[in-house]
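Paired with subunit B in one complex and with subunit C in the other, subunit A is shared by the two complexes that follow.
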Partner chain A sequence: MLRYTLRRLLYGFLILLGVNLATFVLFFQVNTPDDMARLNIGGKRVTPELITKWKVERGYDRPMYWNDAAAGSERLTRTIFWERSVSLFALEFGRADSESAGDIGAEVRERMAVSLKLALPVFLLQLIASTAFALGLVFFRGTRIDFWGVVLCVVMLSISALFYIVVGQYLFARVLKLVPVSGYAGGLSAVKFLVLPVLLSLASRLGAEARLYRAMLLEEIGKDYVRTARAKGLSELRVLARHVLRNAMIPILTSAGGYLPYVFLGSLVFESFFGIPGLGSYVIDAIGGQDFAIVRTMVFLGSLLYILSYILVDLAYTWVDPRVRLN
Partner chain B sequence: MPKFVLLWTDAVIWLGLAATLGYAWQVRRQPQLAATWRKVWRDAAAMAATVLLLAFAAVALLDSLHFRRALPPLPGQAAGQVFYATRTESLLDVLLTPLVERRESTYSRPLSYLGFTRESRVVNGEPQRIHPRLEHAGAHLTDPENDWLGDLALRGALGLAGGLIAAGLLGLAALPLLRRWEPALAGLNLSAAARQVLADRTDLPWRAGVITLAVLGALTGAAVGLSTGYHVLGTDNLGNDVLYQALKSLRTAFVIGVMASVATLPFAIALGILAGWYRGWVDEVIQYVYTVLSSVPNVLLIAACVLMVQVFLDKHPELFETGAERADLKIFMLCLILGLTGWAGLCRLLRGETLKLRELDYVQAATAFGVAPLRIMRRHILPNVMHLVLINTVLDFSGLILYEAVLSYVGVGVDPSMNSFGGMINLGRDQMSRDPLIWWSFSAAFVFMVALVLAANLFADGVRDAFDPRARSLRPRWRSTSRTAAAAQTGGAGA
Partner chain C sequence: MRAWRGLGAFLAALPVLLLAAVFALSGCDNSPHPAGEAATNTFYSAFSERSPRHLDPVASYWNQDTPYTYGIYEPPYGYHYLKRPFELVPKVAEAVVEPVYLDKAGQRLPADAPGEQVAESVYDIRIKPGVLFQPHPAFAKDAQGRYAYHTDHALTAQQVGARRSPLDFEQQGTRELVAEDFVYGLKRHATTRVTTPVSGIFAEFIVGLRDYIGLIKREDAKLRAGLDPASLDRPFLDFRRWPLAGVSAPEKHLLRIRILGKYPQWKYWMAMPFVAPMPWEADAFYAQPGMARNGLSIDRWPVGTGPYMLVEYQQDRRHVLQRNPNFRVDTYPCEGMPGDREAGLLDDCGRRLPFIDRYVMAIEKEGTSVKAKFRQGFIDTPVIESSSTGLDYLVEAQDSEDIQREYQTKGFQLTKTADLSIWLLGFNMLDPVIGYGATAEEQERHRKLRQAISIALDWEEWNRIFPKRSGTTGMSPLPPGVFGSRQGTPEGLNPVTHRLVNGEVQRRSLAEAKQLMVEAGYPDGRDARSGQPLVLNYDYYAALTPGVKAECEWVIKQFAKLGIQLELRATDNNQFQDKVRKGKHQIFWSGWLADYPDAENFLFLLYGPNGKTRADGENTANYGVPAFDERFQRLKYLDDGPAKQALIDEMVAIVQRDAPWSFTYVPWGSGAVQPWVRNARIPILIKDHLKYYRLDSAQRVARQAEWNRPTLWPVGVGALLLALLGGAGWRAWRQRELATARPPRVAEPLIRERS
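Right after this comes the complex of A and B.
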């Protein structure tokens, strides 16, 4: 078990190395810091002096890989590659590109807590709601309820999440005035700001996930052990809840695990629509302000979380299904 | 003589059409494949979805023939020298000229003859705040308060009737074709064949297609009839017709859906089959590459790439002549990015399938005969994984259209100057927070987008069920009425 975890962590590190190199090439080799400066300053005001100033302020004026002007180990560390790429592994993100935004690391720590408050309930409730809905469809399989349930799923998954948000916000916040339109506050009062995004987030993904889980449950239901359970005289509900659900948990967990990174990263769309100051809205603001440092950092952070959450999912398998031996 | 402009995405769309026709030709020649495709349309929902998709695709194709009009020669201009307008138009723009030219000054409600916002006007010598008459919509009414409803009803009814007749004629024209494909209609005369189709006594559910065609014809007809005098779906803040924007957005959705899903194919197919065939270090390297790609959350990866493309376009203004060409290059790049970042899933699938296939007898036999590996992969492996590629591509299509909306919202989607559903939703979002509510832009985007995505999903489900027998067993059935009946059936078979 320990060896397996260690090996997975090592492979994860290799993947992260690849991501880091790829982003470095994309951001500093395909386009040079000069191009970034030109776009960031923008318009007709671009002069060589301004570009140099912009680069010096952000430390982009250093040599790319090897600094001859420095001495000792600083030859390696006082370079763009070291400061912008290698130091990410130590979770030192440096400073953002735009004037007003400060240290990325501090910002990320603060915002991740907020994102977590929105995304964790969404993740858990999503798993429960979708599985429950799928179980219901499977219980009524072959009937009109199943048919119309799947039709409902297909219609729901054909509607963009943006529609759920705009209509939901209009209906519940503006017309019925049950919750504030947008915004965020710390402490317990966060609940009233988070209720609507959580519910709308559930609704927007329910169709796709319930249909997927229904298929996974139906895969299991034709197997021999289910027939045995029925032959023992167990009620249908018991067969489903005790036997089928447990065995379908592996594929369900795998597909739900794909959303784990977003538990920490937050949802871009939901956070910015509801004015929740999490990581998602941080990214949106960064894209809007063309802040390359933030985008680069978030790519790194995103893949780090992705790798970690997949290791978590693999470990969860052994807990769900003792037959899985990791080696 | 106008100057024809072949935008990058136009080329892709027409190539896509050519490829589809080529594939259809292939299908005709292979009875096995033709039988599977028949299975797709045995599903009534897929049949109806196909009709709708064809209609939308026709709009997108009309919108993909671009040209720039020649400007009338200026005095003093050298003979033989022609200047072209900076505005790039498409054939669809020409067809919809009335919609384009009847621009109001600002918002107006659907079918209204009055402006949405009050303006100060002098009425009977006194300044008053009133809703002014619109410049174009309903301008023909002399006594609007009494004539408006009647005029609407007349134009709507005439259009509706015209649309139904057109749909009926189209159906009749298609009937001789149907007789060739449909064994139940063979040898019948036209009226008997039509009765069979309408009674749903055919092998394929043609009736579903006919009903969809009729509904579509009626809606289109009514819209055409009403838009002769009004803005059917209202106008936006600049007074542009919303219906026109929605129709233009269809092309954007098609470009993204078709091009981005096709752009994934070269990587996914080549690398997936290579990894599965050679195994060993080749497999390790390819797996590493796609794990790296898929380990970056998709939106972030796309955002990073799109930002870099923006820098690139900023640096190379010589690549485009007009604004339309710049927007087109942007969407072209966006599709390439979506393709470059999205091939991991299909690649993994094909790798697994190739690992399975390479152990099969016919592949072993080919190896024993000394057939070269690349030839085996092309002749024996590729045809046997094509169904996976097909299923994956049609399933991707609808997802990508939804994705475009999100990306446009995030700010890394298509160019704001280009009509797209994402852009319409973005605008609609601001309008929904106004009081009084401006709902039509948003609703139009909703209706068109849901219709397109739903049709694409239903069609994709049909394709998947036909090509993947395992998926077919998971389909909910409408006809088997109760579980007890099904259980009794299986019980009877067991006894």
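Right after this comes the complex of A and C.
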């Protein structure tokens, strides 16, 4: 297990390296440091001197990958790639490109806490609601309840999250006037701003998740051990909850694990529409402002969290199913 | 069995409980503000994209910065809040002064001396005594009179610790504003610490500034020798060490600025934060290690003498301005324009400013959210610095009677007037097809081609089709409100594109445009010599959103009226700028928001030496003809008067004939303000309007309560339905659970009766 974990971590490191390099190359293929400077300085009276000054102060005046003017190892380290990309592996995120913006690390920490407040309830409620709904459908398999339940799932998954947001905001905030349209506040006041995005986020993913879980549970329901359990006289509820669900946990874990990074990284759409200052809206702002320093940090963090999530999910398999051996 | 029933009842009631809990927690309240806030003297607004770009007065050049920079800093002058045309009034200066003109020998010249004879203009500005800076730790001193947080007690990064705001420092202090603070502020245009967008133009006029910029660069290089240039911690650039010839303080409250030659527009720059005072203590304080890393800088936490000070800065989230307790005595104006008294704009005559205690600006990325909150009364004005927020609401009210009724009932103050900005569709004059042309004959043909296009572009139609992006049809490069502009008068019409018919301004006919096309050598949009269709490129500077696409397609259709095929080449702004610098653009869309109300600030966009491709200036059309350029040189020296008007008329006529731009439309400036806000005017050019606004909080509380009564019964119905559904589900579950494997049969009689 330890060897397996170490090997996965090593693979993860290599993947991170690749992602980092790809992000860097792609970004600078589209944007030159001059473009970034021009965008950050502004639209009026931008002179070449100002652009040069901006680049020097951020180290964007250096060569991309190889510095002929330097000596020794500095040929490699005194480059934009090394200073702005490799440093991420030491979790040194540095400062944002826009002039007044400060430390990215501090901003990430602060915003991650906000994203967690939205995404963690969504993640947990999602898991509970989707599993409960899927179990219900499986219980009524082959009946009209199952049929209409699946139809409901298909309808729900066919509707875009944006539609849920627009209708939800219109109905609950503008017509019924029960919650604010958007915004955020700290402490307990956050509840009133998070209620609607949490419920809508839940609704937007419920159909797809419940349908997926139902399919996984149905695969298990016809197996011999289920028949044995019933023959022992167990109630259907107990059969489903204790035996079928546990055996269907591996695919459910895989599916839920894919969402885990977003618990920390936040939701681009929901945070943006509801004015929640989490990491999702941070990324949107950075892309809009072509702030490479923030974009590369967020891509790096995203990759890192994905890799860690899937390692955790793999490790969790052994807990869910003791027959699984990681080697 | 009983336990199962209990569980069933619980599951059936769960949705109801859940909903009840959720809405009880949220308090059934749709206000985004804390309870009781509406009753306070706090003004709520929003910002749409991001935090201000810069709050450092030498760096800030964005409209979104202005509520903060104009609220916090006080340059020598400002504009009268109510009088039009715009009139300069003193702020921290004692008076708006006239410069003294000197010749090359240093001898004083009369006030009406020709501009060519003036070697130097000297502005001696007396600063009001007793003006105090806002409370700030940079001024804090210990019992011995030594600075508590810098210089005498320099801080280390560890001592700065986790402090992220100047308010996190225990001690605060203040001191009196002196002329040296202006000197220091102007010297900072040479700083290497932030980008200084107007340092180039200031260097053209302030005596010695160009050399000073070079000197500071060298001195900074010495200070930073061996240090990482990308490091956030940079040594203190103490500008007091290096004098600047053109700016001095001969007396404690006397500021002297020496300007090269005659430059009447300088007085307008003195109404902008670029000429705001900056205490050296603030620079010394923020230059300490650990400050920049925590976001502590002048660019985020400004220090000024204005009516407000920044007390909360959450990047891209929320900013709060609070009344500066040290603000000088300043009063609301008692004079205005005809109609201002009737409109209640003079009701506060003589009352002390500012009226409002706090301004809270929070991010709202979605336009629909801003609009919803404004309609609910939770935002007092959508975007406080914008001069175009009202048009959207006005158009909505025009389109729907219900909305119009709602807006009228609620009493929203929706106003519009011409803005001090322009939009233009430009032609690259260096382009071989649409530009000047190589020979005299070609020049004439190309001019006619541009004139034909200018006629065909029916901006009156645009104003009807795109009401949210509309205004009055442009006739010249000058919007109304600028001295010399004849926009909106019969004399001001563009004779190339319009004519006066029975006293009415009418666009010239398409037939005339087509005739010009024939004369240009493109009958029906085809080259008369080769028969090939004329294909031109429209280089657009942004990605095509649905709204922009519709506008671009409209432009393409206008060209098609002449048979010209217009190819749309939309790129992002960086790529567009790249094309422009290389002169590879052909037809483009652009605009300009005035820095100050002077024709020079618009006509310089057509001045040859400002060509974008040749000199990286602001003249994107690369227009430049000797007749225009020579007049522009003379214009710079002229004070407002008949001579200046005549010169402007000549320049406008040259541009109208050459048609390097189609003048599109002068956009509407518009405002949307709640009925409980008093003294609100559309913030055109005047950006220190925050101190003039007044709130009727009692009215706000009453209206918000009236407009936001929650409707609870659908929640009850929904919960009941969910409960019924849950109950039915539970019943079905139990039935299925208790069902036998086979359906029960009726026992057959053992002996059938024989029939």
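Throughout what follows, the second predicted complex is superposed on the first by the 291 of 327 C-alpha atoms of A that agree within 3 Å, B and C clash if a C-alpha of one lies under 4 Å from a C-alpha of the other, contacts with A are read in each partner's own complex, and residues count from 1 in each chain.
Operating definition for what follows: a contact is a pair of C-beta atoms (placed from the backbone, for glycine too) under 8 Å apart; a residue touches a chain by one contact, two chains touch by 3 or more.
Everything quoted here is computed from the prediction, not taken from an experiment.
Q: Who does A:P48 touch here: subunit B (first), subunit C (second), both, or neither?
A: The answer is second: A:P48 touches subunit C but not subunit B.
Q: Identify the partner contact of A:L39: answer first if only subunit B is touched, second if only subunit C is, both if each is, neither if none is.
A: both
Q: Mind working out whether A:G288 is in touch with subunit B, subunit C, both or neither, as first, second, both or neither?
A: both
Q: I'd like to know which partner A:G275 touches here: subunit B for first, subunit C for second, both or neither.
A: second
Q: Is A:L176 touching anything from subunit B or subunit C once the two structures are fitted on A? First, second, both or neither.
A: Only subunit C; A:L176 stays clear of subunit B.
Q: In the superposed arrangement, does A:R141 touch subunit B (first), subunit C (second), both or neither?
A: After superposition on chain A, A:R141 lies in contact with subunit B alone.
Q: Looking at the overlay, what does A:F89 touch: subunit B (first), subunit C (second), both, or neither?
A: Neither partner.
Q: Tell me which partner A:W66 touches in the superposition: subunit B (first), subunit C (second), both or neither.
A: neither
Q: For A:W319, select first, second, both or neither according to whether it touches subunit B, subunit C, the two together, or no partner.
A: In the superposed model, A:W319 contacts neither subunit B nor subunit C.
Q: Touching subunit B in one complex and subunit C in the other: list those residues of subunit A.
A: 31, 35, 38-39, 140, 166, 169, 174, 181, 273, 284, 288, 290
Q: Quick check on the complex: what are the subunit A residues that touch subunit C?
A: Against subunit C, the touching part of subunit A is residues 31, 35, 38-39, 41-42, 44-50, 53-54, 56-59, 83, 95, 98-103, 106-107, 136, 139-140, 145, 166, 169, 173-185, 189, 191-193, 195, 199, 235-237, 272-273, 275, 277, 281-282, 284-285, 288-290.
Q: Applying the document's contact rule, which stretches of subunit A touch subunit B when the two form their complex?
A: These residues of subunit A touch subunit B: 14-16, 18-19, 22-23, 26-27, 30-31, 35-36, 38-39, 137, 140-144, 146-147, 149-150, 154-155, 157-163, 166, 169-170, 174, 181, 214-215, 218-219, 261-262, 265, 268-269, 273, 283-284, 287-288, 290, 292, 295-296, 298-299, 302-303, 306-307.
Q: Which positions of subunit C touch subunit A when the two form their complex?
A: Per the stated touch rule, the residues are 22-23, 25-32, 34, 49-55, 59, 61-62, 164, 192, 194-198, 200-201, 229-230, 232, 292-295, 297, 299-300, 314-317, 362-366, 368-369, 372-373, 376, 378, 573-574, 577-578, 616, 618, 708-712, 714-715, 729, 732-733, 736-737.
Q: Any idea which subunit B residues touch subunit A in the complex?
A: 288-289, 291-292, 295-297, 299-301, 303-305, 307-308, 310-312, 314-315, 398, 402, 405-406, 409-412, 421-422, 425, 428-429, 432-433, 437, 442, 446, 449-450, 453-454, 457-458, 461, 471, 473-474, 476-478, 480-483, 486
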